[in-house]
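The following pair of complexes shares a single chain, chain A, combined with chain B in the former and chain C in the latter.
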Partner chain A sequence: MSVNRMFRTCPTSGLVFHEPAEKLMRWNAVAAVVSLLIGGLLAIGVVLTRWQAVHLLPPDRFYQYLTAHGLNMLVFWIIFFEIAVLYFAGSTLLKARLATPKMAWAAFWLMVLGALVNNYSVLRGDSSVMFTSYAPMGAHPTFYLGLILFAVGALIACFVFLGTLVVAKAERTYHGSIPLVTFGAVTAAIIAIFTIAAGAIILIPTFLWSVGLVPTIDSLMYRTVWWAFGHSSQQINVSAHVAVWYAVAAIVFGAKPMSEKVSRTAFLLYILFLQLASAHHLLADPGLTSHWKIFNTSYAMYLAVLASMVHGLTVPGSIEVAQRQKGFNHGLFEWLRKAPWSNPAFSSMFMSLIGFGFLGGISGVMMGTEQLNLIIHNTLYVPGHFHATVVVGTTLAFMGLTYFLIPVLFRREITFPKMAQWQPYVFGLAMMGVSLFLMGAGTLGVPRRHWDIGFAGNAFAHEFPGAAWLMMALAGITGIIAIVGGGMYLLITVWSVFLGKKIQTPGFQHVRAKDGIAPAPKPVAAAIAAHHPGIGAGGMVAPGTFALAMVFLTAFVLYYFINWKYLSTVWPLK
Partner chain B sequence: MSAILPPQERVWWKQPLDRVELIWIVVALIWCLIMFFMMPYWHIYGQQNLSNEAYRSKPEDFVRKTEAMIAQYKVREDGGDLKVPVVRPPAGSDVYMVAQLWRWYPILELEAGKSYRIHLMSLDWLHGFSLQPENINIQVHPGYEHVLTVTPTNPGTYSIICNEYCGINHHTMVSRLYVVK
Partner chain C sequence: MNAERIEDDLPDEPVPVMQQLLDNPFLLLFLGIAMPTVLYIVWGVMEIVSLPIAK
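Up next is the complex of A and B:
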C-alpha cells in the first residue's frame, strides 16, 4: 500500500497532523473562505437594496444576488469549512492517518465543480429561484446539477471521515473513547449523510423535471422533502459549531467537559430528534394536519431543543470550572471577567454561544410553535432568526477556530493581530444587530425576499408603519458594519495565509508514522472522587453559568408568552 | 484531559453529574413540556388555529367557483384601470380567493365580527398570503384548496401582500381586503 504516512507535530499546540489530511484541510478551508468572500460581496447588494432609502439594485439583480448570497453562504462557505473540521476532528484529534486521501481529493474537486456549476446557473440570470428553489418555479438544469455534484462530493467526504475513524480504531492511535469534539463531528457527519439522502430524493427528480423527463413536481411534496434536507442541514451546522465551541474551550482553557455522559447524550439527541423537526417549516401549509405538525415539531417534548439547552450550559460551565481551578474563584463572574477577551478565538466562540442561544434559539423555538408561526411565516423574522443561528452561531464560531488554525495548520503567524482582536466584536455585534432589526421588521409584517416594501406605483400599495422602515435602515447600517467585519476576517486570513510570517519548526522532518508517533499517552489515574473540591458556590461547580442559564430561561419564557399574547390579538381563525 | 482528547476516565458513563447540570436538565425538560402542551392547549382554548381543511382542486374548477361568486356578489370595482371586482359575500358563506402571478383576485369586503369560509388556492406557483397590518401569514399552494374560517375583528382597509417569492414581479403582488361594520 502506498499510503502516505507522513506526520508532523505542531510545536505550538502539540497537535499531530497527517500531511495529506493537513493539505486537504487547507484547501477546503480556502474554498470556504472564497465562498464567504463571494457571499459577502453579494450581501452588500442585498442589504443596500432592502434599505429602502438606498434601494441599490434593480429587481432582477436583487433576486439574483439574493439567490447567490444564500447559496454561497449557507451551502458553500459552511460546508467546505465543515469538511475541514471533519478532517481535523478525525485525523488530527485522533492522531490517525486520513483514510483514502485520493477519495478525499475527488470529493473536494466534485464540490468545487458543483459550486462553480451552480454559481454559473445563477449568473446566467434564469435561475434566480432562491436557494430553496420551490417547484413549480423552475431553474436552469445546471442549478440542480451543481447542487447534486456538490452534495455527492460532501457525501464522499463524510465517508472519508468515517473511514478515518475506522483506521484510527484499527491502528490504535488513541485509548478508550474518541474525544468529545470528534464525537460531535461524528454527529454532524451522520446527520449529513441522511440529510444528503433527503437532498437526493428531492433534487434528482427536480433536475429530471427541469430537463423534461419528469412531468410535474408537486409543490407540497417538494416543500416537505426539501425541508427534510434543508432543515437537517442546519443541524449539521449546529452539531459542527457546538463541537467547535467545545474545541475552543479545550484549546483556550484546557477545559474538560463537565460530564462526558451529558454532552454525548445531548449530541445523540440531535441525531435522534432533528430530522423530522423539519416540519416546522411547513406549519403554515395546507394539506398537513395539526397532529402531524405538532408531533413532528415537538416529539412530545422538544428533545433537540433540550440538547441545545444542555450544550449551552455545559460549554460555558466547563470554561467556568477550568477558570475556577486556575484560581478565578471569586464571586459569580470572576471567571468570566478574567477570560481572555482579547483572544479572538475565545471572543468569537463566546459571542457565538450567546448569540446563538439568546437570539437564534429563542426566536427559533417561537417560530417553530404551530400557532405562533402564523404571525411570522415568511416575514423578515425568518432571515433575522437564521442570521443569528447560522451567522452569529456557526460562522462566528468557525471564524474563531480559524484564528487558532492559521498558526497550527498553515504555519503562519496572524498578521494584523490588533485587527484580529477587534474583528469578532465588529462582526459579531453588528450581526446581532442585523438579526434583531430583521426580526423587528418581521414582527411588523415586512416580507422576506421582497424588492420594494414601498410598492411604488402600485394601485393597492400597502403602507408599512414608519417603525418598519426604521428597522430596515438600521438593518442596512448594521449590515454594512457586519460586512466590514467580514472583510476584516478575510483580510486577516488571506494575508496571514499567503503573506504572513512563516512559523519555522526547528528540526522539522517527515517521519513515518510507525517510527514517529509516540504511543498515545497512558491516561493518568484520576482523582475524581471528590469531583472538583473547593471551587464554586452553593454546592455547584459552576454557579455563574447557572445564573446565566436562569437569565436565559427567564428571557425565553417571557418572550415565548409575549408572542402568545400577540397572537391572541389577531383575527380568530380556524 | 479535555474535549479534544479521549476522556480521561475510561468508564466515563459512570461519572456522577454535577448539581448544575442535573438541575438544568430537569428545568429545561419541564420547560420543553410546557411548550409542547401549549400547542394542544391553544387548539382547545385558543382562537387562532390554522385550519386543517384542504382539498385537491384543479385550477379550472377553482376559477369557475371564484367567477360564480363574483357574478353573484360583486358590488363595485376597485384599483382604477385595473378594474378589480370587489365582492361582498353574505356572512358565513364560502368565499374564494385566487392567487396567481402576480395578483390576488378578487377583492373581498367582509363584515366585522362575522365568520367566512375563505378558500385560498394558487393557480401556478407558490405564493404567500400575508394579511397586513394584522400579520397573518399562510402559505398558498397550487392545487391545494385551503379553507380557512376567518372572523375579521375591526373595520378598516387591510392589505394582502405576497410574501413567498414568486418571480420577478413578486413585489407587485399586493391587494386589498375591506372590513366594514
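Up next is the complex of A and C:
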C-alpha cells in the first residue's frame, strides 16, 4: 500500500501540513460550521419562545427546536471541530503524516451520516426528547441510531489521532516529549474515548428498546450511565479549548508556557478526575448514596477544578511574560492594555478564558456542591452555566482559532476584516449576557425546558416575580444579539473560505518528505528562557495575572458563601 | 545521520518517572478510562442494583 507522504509548508506560519490531513481538517471544520448554522437558526426559536412577551413557538415546536438546538450545537458543531483540532495537533504540530487517512474519511462520513439521521428523527416530530433523551421517554429508533453512528465515527477519528502519535514516534518527527498543545489534544482524545464508550453502553440498549428487542430501560440506570457520556463530552470540550488557549497564546505572542511540567500535570489531573464530575447531574436523584455523590463531585472533582485554575493562570501568565519582554513592562496591566485587542484570534481567546473562568467556573463549583445544587436544580441556572462554559468558553475559543486557520489552512484572506474585529465582542459579550440572565432567572426559580412560565389557562399556576420575567426578556434580547454575532462569524468564515481572495504563494508546491518526516519548518521565535530578569514587579514575573487571580478568588469565595446563606433561607426552619 | 540516532537513543539524563508517564499516551488512556469506570460507573451501578425493589 502506498502511503501519501506529500507535505506543504505554510509560508505565513511555517506550519507543515500533510496533504490528506489538511483536507480532512477542512472538511471536518466545514461540517462543524454547517452544524453551528443549523443550531444557531434554531436558537432564534428557542430564545424567542422563552422571552414570554414574544412567546414565538407553539409547545410542540418549541421542544422540537430545543432538542435539535442542543444536539446540533453541543454534539455536532463541537465534535466535528474537535476532530479537526485533533488532526491539527497530531499531524501538523508533530510534522507527521496522518495515520490511515482512509479510516479518517470513513470516520468523517459516518459522523455526517449519524448527524443527518439524528436530525431526520427530530425533524419527523416524534423525537423531541431533548438531547438527554431520558428513558422511559422514547424517541424514534433513528434518533439513537444517528447518535450511535456519529459516536462510532468520532471513536475511529480518536484512534486515527492516537495512531498518528505512534507514526510520529516511529518515524521520529519530533524529539523528546510531544508539544503541550498536542498533549492537551491527547487529553481530549482520552476523555473522548471514555465518553463514547459510556455512550455506547447506554445508547445501544436504548436503541434496542426503541425497536422492541429489550423490554425496559431502568430510568436511574439510564441517567447514571448516560451522564458518563453527557458530562464527559463537556470535558472533551474543556481540554480542547484549553489546548486552543495555549495554541493561540503561542501563535499571537510567541508565548511559552510558564512551566511545561505544571501545565502537563494539570492535564493529567483532567485525565484522572474530570470525568468523575458527571455525578453532579445526579445530585438530586434518590437512589444513589451521598458517598458516591460527594466523592465524585467534591473530593475528586476539586482536583480537576484546580487543574482548570492552573490553566486559567498559566495561559494569561505566559502572555504577560511575553508581553513584558516585548517592553510592555509598566505597572500591573500595561501588558494587557497593549494586547492586540483588534485581533479576533486573541480577543476571542481572552474572552473565552475570562468567561469560562468567572461565569462558568464559579457557577459550576457552586452547583456541583450537593447541598447548593438543590437551589438551582433543573432551573434555567443550568443552561446559564453551560452557555458560559460551552459557548463563551469552547465555542468562542474555536471561533478565535478559525480566524487563524482560514489563511493558514484554507489559504484565503479573511473577508470583511473590520467585521471580524467586532465579531468576538458582539458574540462573546452578548453570550455572557445570556448566561448571566439565564442564571438570574434560574436563581429566581424559573425552570429550564419550560414552554410557558405564565401558565396560561393552567389550573395549577405559579406566579413568578416580575424580576424573573425581566430576566427572560433580557436573555431574549442578548440572545438575539448573540445570534447576530454568530451570524457574523458564519458570514465571515463561509465567505472567506469559498469566495475569499486566494493567498498566492509563488513557487508553492507539495514536497515529498523522506522517511515520512516532513520538511523542517522555519525556526520559530527563540524560546523564552525560564528566568526573566528585569521584568515584572515585586519579585513576580507576572504580577498582573496574580492580581487577576486574587480578584477571581475573592469573587469565587464571596459567591460561594452567598449561596450557602441563600440556601439557609430557602426553607426557613424556625 | 547514524551518529545523531545513537545520540538520540542515549539521553544525557535518565527521564524522570513522571515524564515517562506523561509521555505514554496509552498508559494515560488506560488511567483515563479505568478511573471513571471504577469510581463512577461501576460504583454507581452497584449502588443502583443493590436498591431493594418495591413490592
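Rule of thumb we're sticking to: the second predicted complex is superposed on the first by the 552 of 574 C-alpha atoms of A that agree within 3 Å, B and C clash if a C-alpha of one lies under 4 Å from a C-alpha of the other, contacts with A are read in each partner's own complex, and residues count from 1 in each chain.
We take it that contacts are C-beta pairs under 8 Å (C-beta built on N, C-alpha and C of every residue); 3 or more make two chains touch, one makes a residue touch a chain.
As the structure is a prediction and not an experimental result, all values here were calculated from the model.
Q: Tell me the contact category for A:271 with respect to chain B and chain C: first, second, both or neither.
A: second
Q: Under the stated touch criterion, which partner chain does A:55 make contact with: chain B (first), chain C (second), both, or neither?
A: neither
Q: Pick one for A:228: touches chain B only (first), chain C only (second), both, or neither.
A: The second partner, chain C, only.
Q: Is A:298 touching anything from chain B or chain C once the two structures are fitted on A? First, second, both or neither.
A: It touches chain B, and chain C stays clear.
Q: With both complexes overlaid on chain A, does A:124 touch chain B (first), chain C (second), both or neither?
A: Neither chain B nor chain C is touched by A:124.
Q: Identify the partner contact of A:218: answer first if only chain B is touched, second if only chain C is, both if each is, neither if none is.
A: Touch partners of A:218: chain B and chain C.
Q: Any idea whether chain B or chain C touches more of chain A?
A: Between chain B and chain C, the winner on chain A residue contacts is B.
Q: Give one of first, second, both or neither to describe whether A:26 is in contact with chain B, with chain C, with both, or with none.
A: In the superposition, A:26 touches no partner, neither chain B nor chain C.
Q: With the two structures laid over each other on chain A, which partner does A:162 touch: chain B (first), chain C (second), both, or neither?
A: It touches chain C, and chain B stays clear.
Q: For A:459, using the defined touch cut-off, is the partner it touches chain B, chain C, both, or neither? Pick first, second, both or neither.
A: first
Q: Go through chain A and flag every residue that touches chain B in one model and chain C in the other.
A: 175, 177-178, 218, 220, 261, 282, 287-289, 300
Q: Which positions of chain B touch chain A when the two form their complex?
A: 1-10, 12-13, 15-21, 23-25, 27-29, 31-33, 35-36, 38-40, 42-43, 46-52, 54, 79-82, 115, 120, 124-126, 128, 130-146, 148-153, 159, 161-172, 174-176
Q: In the complex formed with chain A, which residues of chain C make contact?
A: Counting only chain C, the residues touching chain A are 8, 18-19, 21-23, 25-26, 28-29, 31-33, 35-37, 39-41, 43-45, 47-48, 51.
Q: So in the complex, which bits of chain A are touching chain C?
A: For chain A paired with chain C, touching residues are 162, 165, 172, 175, 177-178, 183, 186-187, 190-191, 193-194, 197-198, 201, 218, 220-221, 224-225, 228, 232, 261, 264-265, 268, 271-273, 275-276, 278-279, 282, 287-289, 292, 295-296, 300.
Q: Mind pulling up the chain A residues that touch chain B in the complex?
A: Listed in rising order, the residues of chain A that touch chain B are 59-60, 63, 93, 128, 130, 134, 136-137, 174-181, 218-220, 223, 246-247, 249-251, 254-263, 282-290, 294, 298, 300-303, 305-306, 309-310, 313-314, 317-318, 365, 369-371, 374-379, 443-445, 447-453, 455, 458-462, 464-465, 523-524, 526, 528, 531-532, 539-543, 545-546, 549, 553, 556-557, 560, 564, 567-568, 570-574.
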